[in-house]
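Both of the next two complexes hold chain A, though its partner changes from chain B to chain C.
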Partner chain A sequence: MTITTVEDNRIPLRARFTTWWVIFRIAMEERFVYRGDFALGTLMRFLPIITQIFLWTAIFQASPESKIAGYTRNTVIAYYMLTMISRAFSSMPGLCGGIALQVRNGEIKKFLIQPVDMLGFMLLGRVAHKAAYYTIAVVPFAFVFFLCRDFFDGWPDVEVLIAFCLSLFMGFLLGFFIEASLGLVAFWFLEVSSLVFIYNLLSFFLSGHMFPLNLLPGWAYEIVKVLPFQYLAYMPAAIFLDKIPRSELWTSLANEACWLLVFVVLARIMFQRGIQRYSGFGG
Partner chain B sequence: MSWAIMNVGFYIIIFQFTNEIGAQTGWGKYEFFVFLATTWIINSIIQTFFMPNAQEFSELIRTGNFDFALLKPIDTQFIISFPRIDWSSLSTCMMGIGLLSYSLYQLMVVADVPLVLAWPVLFLYPLYLVCGVAIMYSVMISLAATSVWFGRNQTLYNFWFYLTNFSRYPMEIYKTGWGMGLWIAFTFFIPVLLVVNIPARFLARPLDGMTSADWQLAAFALCASIGSLFVSRRIFKRALRSYRSASS
Partner chain C sequence: MAIIEIKGLEKTYQVYQKKEGLRSSLRGLFSREYKQVKAVQGIDLQIEQGEFVAFLGPNGAGKTTTLKLLSGVIHPTSGTATVLGYTPWQRDNEYRRRFALVMGNKNQLWWDLPAQESFRLHQQIYRIEADVFQNTLDELTDLLDLQDLLQQPVRELSLGERMKMELTAALLHSPEVLFLDEPTIGLDVVAQHNIQQFLKYYQQKRKITILLTSHYMKDVAALCKRVVIIADGLIKYDGSLEGIIKSTDQRKLITLQFRDAIDDSLLAALKKFGNVTDVETPRIKLTVTRDVVPRMLSTILDGYQVDDVVVEDPPLEDVIATVFSEVTAGRVQQIDDDEFESIGDGQGL
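== the complex of A and B ==
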């Protein structure tokens, strides 16, 4: 037996756009409710950067080399600041657990009877969340980056800036579809919190959020380079700081696009297979 | 626990490129691992015994269930601070003891100039661990008490994590340029820098190498921990006077 959602190709494109726009607007308004707390929280997220500045200053003071794995003290600090931007795009707090919870408590069945695609609905919610986040966070971000402008060597050229923006955009989508795929595992296992914990752990270490991946020993760096985690934090920062050779810049982005495609297809297949084995009971 | 392993991994990578955290600070690889282990031990004690209760306190204020705590014939701060214990957080403490033992073995047996532990250290280290826990508890309960005024204070809990982030590194790294302001603020006003630095220093370095400034700081840490408890008690009491029940 084939199970399909109500949504199908008979719905006109204009009506679909209207639906998406309404979903986006509602999600935006929800996120603007506590904007003061939100802005203060964003500003405080930069506090660990202060300790990183002092830590890396101390490390470089004691190091016999002026560069560590090709990074100066200023570049390392600039790297940490840029990873805050990339993580702000690629992190999806609560997405995985939220999907698992909806599968577990049966809430997911609303997507089977409404003309709304679940993954599309959640993606729009995240787009709205990020849009709201950046609308409010742009002020504290600009303030901190202005204060720390001396850690940067200036603006990169247009090609690098375009690649940087593209990597941020794909990082957002990749983060969403990786976590959505993990959340959809709940159709088979119901509880995915351990899986999420392992993912967060690997992601924190292997995405370059903790330190520039170039610091890893050669063999480890080669392994990490073929995994998708690096696109969540390391890649945008490395592109901005010109750490990716120009000859490899577009190849790296193409690799990221391939990983994105893999996870989009994987999430779609998992959702389709998942709803086929899903059973909802009660009212 | 896994976060702790990753943390060690990070510093192992760092120590491939440098011999010390800060030039001439004395925080070499295994000295710093003693510092790191001390951080884990203190943090795990906080997370086991106090953190779940502080989180619960904020929720009690918001829902009005704090009334039940007030009605009981027992000290309110005591009943708020100790009812729940998160035993699973003690695993980090075990990791800390393991790392501490390994680092001390490296410093005392394997090192070219072996460290000799003086007997007073066996008393001073646990004493300053208790002082560190007291300071951290004071900061936490003070922030939790602000729930009475703010209703819900998620940002303040985040603030606790960011604030205590300063205590996770040797204080010497702040003693440069504008960091001196931070060093003064987090040593003498909100003394989180004393929490790990003082006990770790007693264990990781020879006692006869302590300067008079080190001893003064250690003496101040004792006063600071008692003072922190006193101030946090005052803040808690003040918060209680401002409490208005949320229930009907």
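== the complex of A and C ==
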């Protein structure tokens, strides 16, 4: 996929990289402007883990079994911590609403006037935001994981680690293109906040953010397995904990890649149709 | 060939119509009434390379819509337009590298970062060579006196400084065509003047083509030889600024300073020539038609002792207000062909 100046195939790759680097650098600098908000936002992410530890301890104490659907208390807490990592990649705060706002207040014009591809530009901006976040959050993440190391059974093998990293990377892209597609609905409806609410609600339950998806009844799990939400939180965590059978590991990643492709194409088509509509009716 | 060529350009918007009250809001959930608003109703226009043209017209006349059409932001309902040989709404990247649009009420710079960062981004987006970029930036910041402000976040700049930064960003890639939509809106007199001076100098030096919309007649008088008046989506006048004044306003404002106090007989004599607007004895102001001026002055100067005489055109704002009210009332002005030709040949500027 190309990032900027889509049609210009003549531009040397090096020049393109310089452009991407400048967009990335500037977006990252912008992220560090509001230090207080940034620091608070980063640290607050860790609070829910305490409640999760208490919650699952209570559930397992009340249960006669030491395992629920193959999960011990420790594995569930480890799972929850890993979904924090997945979501640090796949969640896109403000992306959908941001696009809708730009459509509504006309700021989107900038992308029609300048020789730059909006989706590529925003994707780079998002990579920069994430990079800025990880730069700061890596220390508290490492600290919390160190404190909670006993919940884990140790490191998985190399194959699983590679699959884990791939699923995180694709989770990031999938999260971006799903939210971008939702934001682009604003070309037709202007206001998308209810849509964002529904998406967040679905994603909250169906992505496995709250609990491992294979705790669901069989039929529900079968449905959830064909939806794209599981890749946003469940899949990377389940891969890391070796909950995905080896025989299915790469097929699952291939399915994720298919969903990613679907949303890349969808976002592209919506953008093209959207600006045609915008320039036909609005402005 | 003209740089900008517009033929039969039309743009119709669909606007949602909602009656007052909750009931109609509820009805609007199921079916909505739309009204067709013709923003531009068939414009023909040719602009040559190096012209500085003002687009004037009352609010909602179709000026901004035309600029949006020419910059490719919107598609026309019908008609054609080419700018530098490109059809704007095809949004060719080559075209997008050769023009710029500055909107006085829209911000294109990164709000929280120093403008220097946005400029750097423009350098990349427009693929400007490093040395060309630095030279252009130095020239622009020097002309606009911005050197000390490049490191300051944009949100902390004054409105005037921000507009100068917007102009700098728009000119970094040395566009051949520049569209300016109300570039001095909300600025104080000094900032307005600075921007005018800059635009005048830059346009004359680079010979770029500029299309400007503004409600400040001082901008127009200072910058544009050619004026296009647009109202109700139609071109109502195309010619020189002087041409409008000549064709629409036959009045002159005369101020007379007498040596002695103004008595009733003098006042009566003056009233025969025109309309007395202000008396502050021994000074008097009156409005008379152009052709009366010589006769009136000779009569008064022969019969009375006069210390000072000032003859001036009515303020430009008044003239334009008259034109706007006339065009919206349907009295269409004649296109001033002579003026059009002279500018069309590239001698106007």
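Here is the rule we go by: the second predicted complex is superposed on the first by the 255 of 283 C-alpha atoms of A that agree within 3 Å, B and C clash if a C-alpha of one lies under 4 Å from a C-alpha of the other, contacts with A are read in each partner's own complex, and residues count from 1 in each chain.
What we mean here is this: a residue touches a chain if its C-beta (ideal position, glycine included) is under 8 Å from a C-beta of that chain, and two chains touch if they have at least 3 such contacts.
This one's a predicted model, so the numbers in the text were calculated from it and none came from an experiment.
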Partner chain(s) touched by A:Q61 [first = chain B, second = chain C, both, neither]: first
Which superposed partner A:E191 touches (first chain B, second chain C, both, neither): neither
First (chain B), second (chain C), both or neither touched by A:P115: second
Chain B versus chain C as contact partner of A:A15, first or second or both or neither: second
Which superposed partner A:D242 touches (first chain B, second chain C, both, neither): neither
Which of chain B and chain C A:Q276 touches, first, second, both or neither: second
First, second, both or neither for A:F205, with chain B first and chain C second: first
Of chain C, residues touching chain A in the complex: 13-14, 65, 68, 71-75, 89, 91, 93, 96-97, 100-101, 106, 108, 110, 112-113, 117-118, 120-121, 123-127, 153
Touch list for chain A against partner chain C, complex: 4-5, 7-8, 11, 15, 18-19, 22-23, 26, 29-30, 33-34, 106-107, 109-110, 112-116, 276, 278-283
Residue ranges of chain A in contact with chain B within the complex: 37, 40-41, 44-45, 47-48, 50-51, 54-55, 57-63, 65, 68-69, 197, 201, 204-205, 210-211, 215-216
Interface residues, chain B side, partner chain A - complex: 2-3, 6, 9-10, 13-14, 17-23, 25, 154-155, 158-159, 162-163, 165-166, 168-170, 172-174, 176, 179, 182
